[in-house]
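The structure that follows is given in the form of structure tokens.
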Amino acid sequence: MTLTLTRRSFTLGSAAVVGLAATAPLSRAQAMRTDRLNILCWEGYNTDDVLGPFRDRHPGATLRAESGTSDPDMINKLRAGEVNVWDLINVNQPWARGQLYPEGLIKPLDQDRFLPYFERMLPEFTAPYPLAFADDGNLIGMPQRYGPFSFVVNTDKISRATAEEQGWKLFLDPAMTSRFGILTYDNWNIIHMCLTGDLNPFKPIDEAGFETFQKTAETIFGGAKLRTDDLVAMNTALINGEIDAYFTGGTYTASPARLDGLTNIRGITPSAGPIDGKGGVVWIELTSLVNNPDPSSLAADFLEFVQEPEISKAVGFAEGTYNPVSQMGDPAVFDLWDAEELDAIQWDTLADEMSRSVEYDVVASYDELSKMYNAAKRG
Amino acid sequence: MERLDRRLGALTATPMLVLLAVTFLAPLIVVAAFSVMPSKVFSLWHQPDFSAYAELLRQGYWKSLAWSLGMALASTAILLVLCWPLAFAMAKVYRRFTLILTVGVVMSLFVSENIRLFGWVLTLMKGGLIEGYVRHLTGVGFDSLLYNVPIIVFGLVYVYLPFMLFPLAQGISMVPDDARQAAADLGASRARILWEVEVPLAAPGIVVGCLLTFVLATGAVAESKLLGGQVVVVIADEVETAFTYGQDWPLGSALAMVLIAIVGTIAVIGVNRVDLDAIMGRRR
Amino acid sequence: MTEKTILEIAGLYKRFGAFTALHSIDLEVYEGEFLTIVGPSGSGKTTLIRLFVGMDEPTDGTIWLRGRRIDTVPANQRPTCMVFQSLALFPHMTVGRNIEFPLKISGVDAATRRQRALDLLDLLHLPREYYDKRIHQCSGGERQRVALARALAFDPEILFFDEPLSALDYRLRKTLEKELKDLHARTGKTFVYITHSLEEAMVMSDRIAIMRAGRFEQIGPADEIYSRPASRFVAEFMGEVNLFPVQADDDGAVRADGLALDPGVAERLGLKAGAAGMLMVRPENVTMVNGSGAAEPGPAPEITVGGHLRAEYNLGSRLQYEVEGPSGQRLTVETLREGRFGGSPGDAVTLGWTLDRCHLIHGE
């Protein structure tokens, strides 16, 4: 860890002053390394249950995984010059296609080696999954964890049926004032506020749309009782009755409470919405090879390793949050989940919720919306 | 000979000076350089256009800045009043207990700020330690004490207490007992002694304590996020958002530069207002 | 002197836990006098002065100032003032602001304050330019004067001093001692001064109180204390002294080891039958009876003692001789330079003095 800390303070400077061009040609000549693997990921891939078995298979290698706190935070690291450090990056689906690959921060995967894994995945992914591919047809990442992500309610206060039927309009209801929180995953909130205003966030938005968005954002921020980027704090507030629902959330945020037996905490996917009738959004993580000038052959090995049943389960059921994985299409993987665990990830309605959700994608008018969003947040 | 010594000294100090310059100044220079870049670029190879500063003025960032500075000012003032008697006791009254108090306060710093603040969340929330007990005993519950501005100020006061307490105790220990007694002997009341003798003589400690807490509190973010439920957005939060979700490094850098400039100016003024050397009687 | 009492202390006790610092102190301070309390360190003199000005509370006993009981009055309401050993000047204020401090506290307007401060600078022979100087720009002696000026600005009923000269060098101390005495005369205020230095006490005081282990051993005018000490402690504390144990048998016969008394002298000593005492004689009152060129005019000695010359010391204005007495004790003789004794170490000498130059200390 100390290595990254000192490097981080230096890299910002070196990236800017020296420039990426200077370092790349020098190191590219070297052969592929087999003694090192550095993974930048969401929490889950960095647990001993995942890393331990891989270490046993590669006893000579130094294996390090660091979890980020947000997608942009991790991507900033690569931009700041840490492409030299990391071999694998695990972020949500739009970033790989929209930013990482076009900017040359990640590189394509070997399709002969990885395409067969799609065949054993859940039906949604067998196609194979389109967002795993760049516009040029290259395979740029492997999907694993995923989950519908819209909002969360306490079903003792608001029934699932009501919540699904009202959908995003729930948060515009004057009766809900001061009865909900906002989980400040800002990029998600921008998408969800578009949906609340019946806008499609993935298409460019016009002036009238901006006006709607602004009003929606102001209404929602104005009505919220609390805001936090901490899902534990948010669940706590939901459990103790401080609030009845929170804006932006899903299986990812509700599952820890649910596994603790609080199954009245539930991620909700609206039954209808503005994008081809859909109102929910789903995130799918993609793990990609970083375009490290000094590449490690272990990176692709690890990507293959996490497709194995036990490891897939370990990734899905890491500490903190619990999530379905695309590999659950394989009975050997699915059988590793018991009934309570399946209930924690809302397996009973998962396929249904997926069918009512659209893919998390690049927000077309993100800059303008982000400004309005932040202005509304400031109050 | 002396000149040679001095030159050798300067030479020996050079590596350290270079290291300090690189580690302290380089990041600052990079941030300053980024702040003048056009919007949303990720390298410095662009024509500077200062658009980030214009953007900063157009958007309502002054609100966040005002909240940060205002809450920092409030918490600094509260801490000064709160810590004075405690620091006085540490410096002048308790002898052995001072060590225990010091160790106790320092120990609290070993626990992460976020964990300590979350402890307060569990205490103050609805169904938490306080409300839960009150409801259990009286049958009447109330809403949580969280998610408002005063609770953020409370959090700042709680977290930055040591940074006021220790410099203050140091400052008060510099007030000679004789001077206080002489003032009393010459007819000064307790309040006059405080104002005429203790405050001016403890000024270095007061200034250092106030600057530390004010600067830290201005850049604080966890208190508003955890205790305040982001009821107001602080400036450090804006910087973070600009760098991450905003993916606008120049804007984040410009915000950071404005914050550095304001806090830096206050710090320089504060240090200059109090002539430390004169108070210490060092100047001849 | 009109001996009107300004400060009266009765039965004053001060205990710190099991330690008793002051044992039943009784004292009267007269209006306008310069009283010095002298004692070795740890004798309780600082504790006593702290009770006077109100920095500490007595365990028992009372203090009256002009008939008003003040031991329960807080320090900042007592009409007394002290010059501290450390001087306790306010380092963050100019000389002028220091002097004006008590006036500012009592609400005197700025112009009057300034005039009063300038007057006090004059009184203490400090140039008026010092008004705007900072304390750390002043020398030791100047600070001393500023501290005095500040105390005088307060216009106290009694001015207390807690060894304010102890940190100064010898010459400056000597100068200031005289200035202080002069200041006392000019202001007419009552000064109560504590010191461990006898010399300081002798130069300045009207009366001296000798303190030992929380009690007064003797209180009286300087001359009286010097020449007629009430105890061996006082005798020895007040400077070089020669002491000879004397005893009267039950039949009245006086035995004094090694002393040769002229006829009739023993009876005139005033020693009661069966009692013991100490015969005290100061070195300057002893003469070398058999000195070669020392034929000093004056009355013939009535008491003599034999011994051997050990050493001669030059004290500047005087000469001091060390003589080994008959029972091996060390005796001291002092004479003016003109009265030089020409002998050399080892010579047998006889020392002598008249009865009125010595003093009998009663008791052991």
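Each chain carries a letter (A, B and C) given by its place in the written order, and its residues are counted from 1.
Simple rule for what comes next: contacts are C-beta pairs under 8 Å (C-beta built on N, C-alpha and C of every residue); 3 or more make two chains touch, one makes a residue touch a chain.
What you are looking at is a predicted structure, and each value in this text was computed from that prediction instead of being measured.
Innermost chain of the displayed assembly, by C-alpha centre distance to the whole-protein C-alpha centre, is B. Top contact pair of chains, counted by C-beta pairs, is A-B.
Distance between subunit A and subunit B, defined via averaged C-alpha coordinates, is recorded as 35 Å. Subunit B and subunit C have Cα centroids separated by 57 Å. Computed from the mean C-alpha positions, the centre of subunit A lies at a distance of 90 Å from the centre of subunit C. Across the interface of their complex, subunit A is touched by residues 22-23, 26-27, 29-30, 33-34, 40, 42-45, 59-61, 63-64, 118, 121-122, 125-128, 143-144, 146-147, 225-226, 229-233, 238, 241, 243-249 of subunit B. By the touch criterion given at the top, residues 176, 178-179, 181-189, 192, 196-197, 200-201, 203, 278-279, 281, 283-284 of subunit B touch subunit C in their complex. Those residues of subunit A that touch subunit B in the complex are listed here as 9, 12-13, 15-17, 19-20, 70, 72-73, 75-76, 79, 181-182, 184, 186-187, 225-230, 232-233, 236-237, 239-242, 367, 370-371, 374-375, 377-379. Those residues of subunit C that touch subunit B in the shared complex are 53-55, 74-78, 80-82, 84, 86, 88-92, 101-102, 104-106, 134-137, 150-151, 154.
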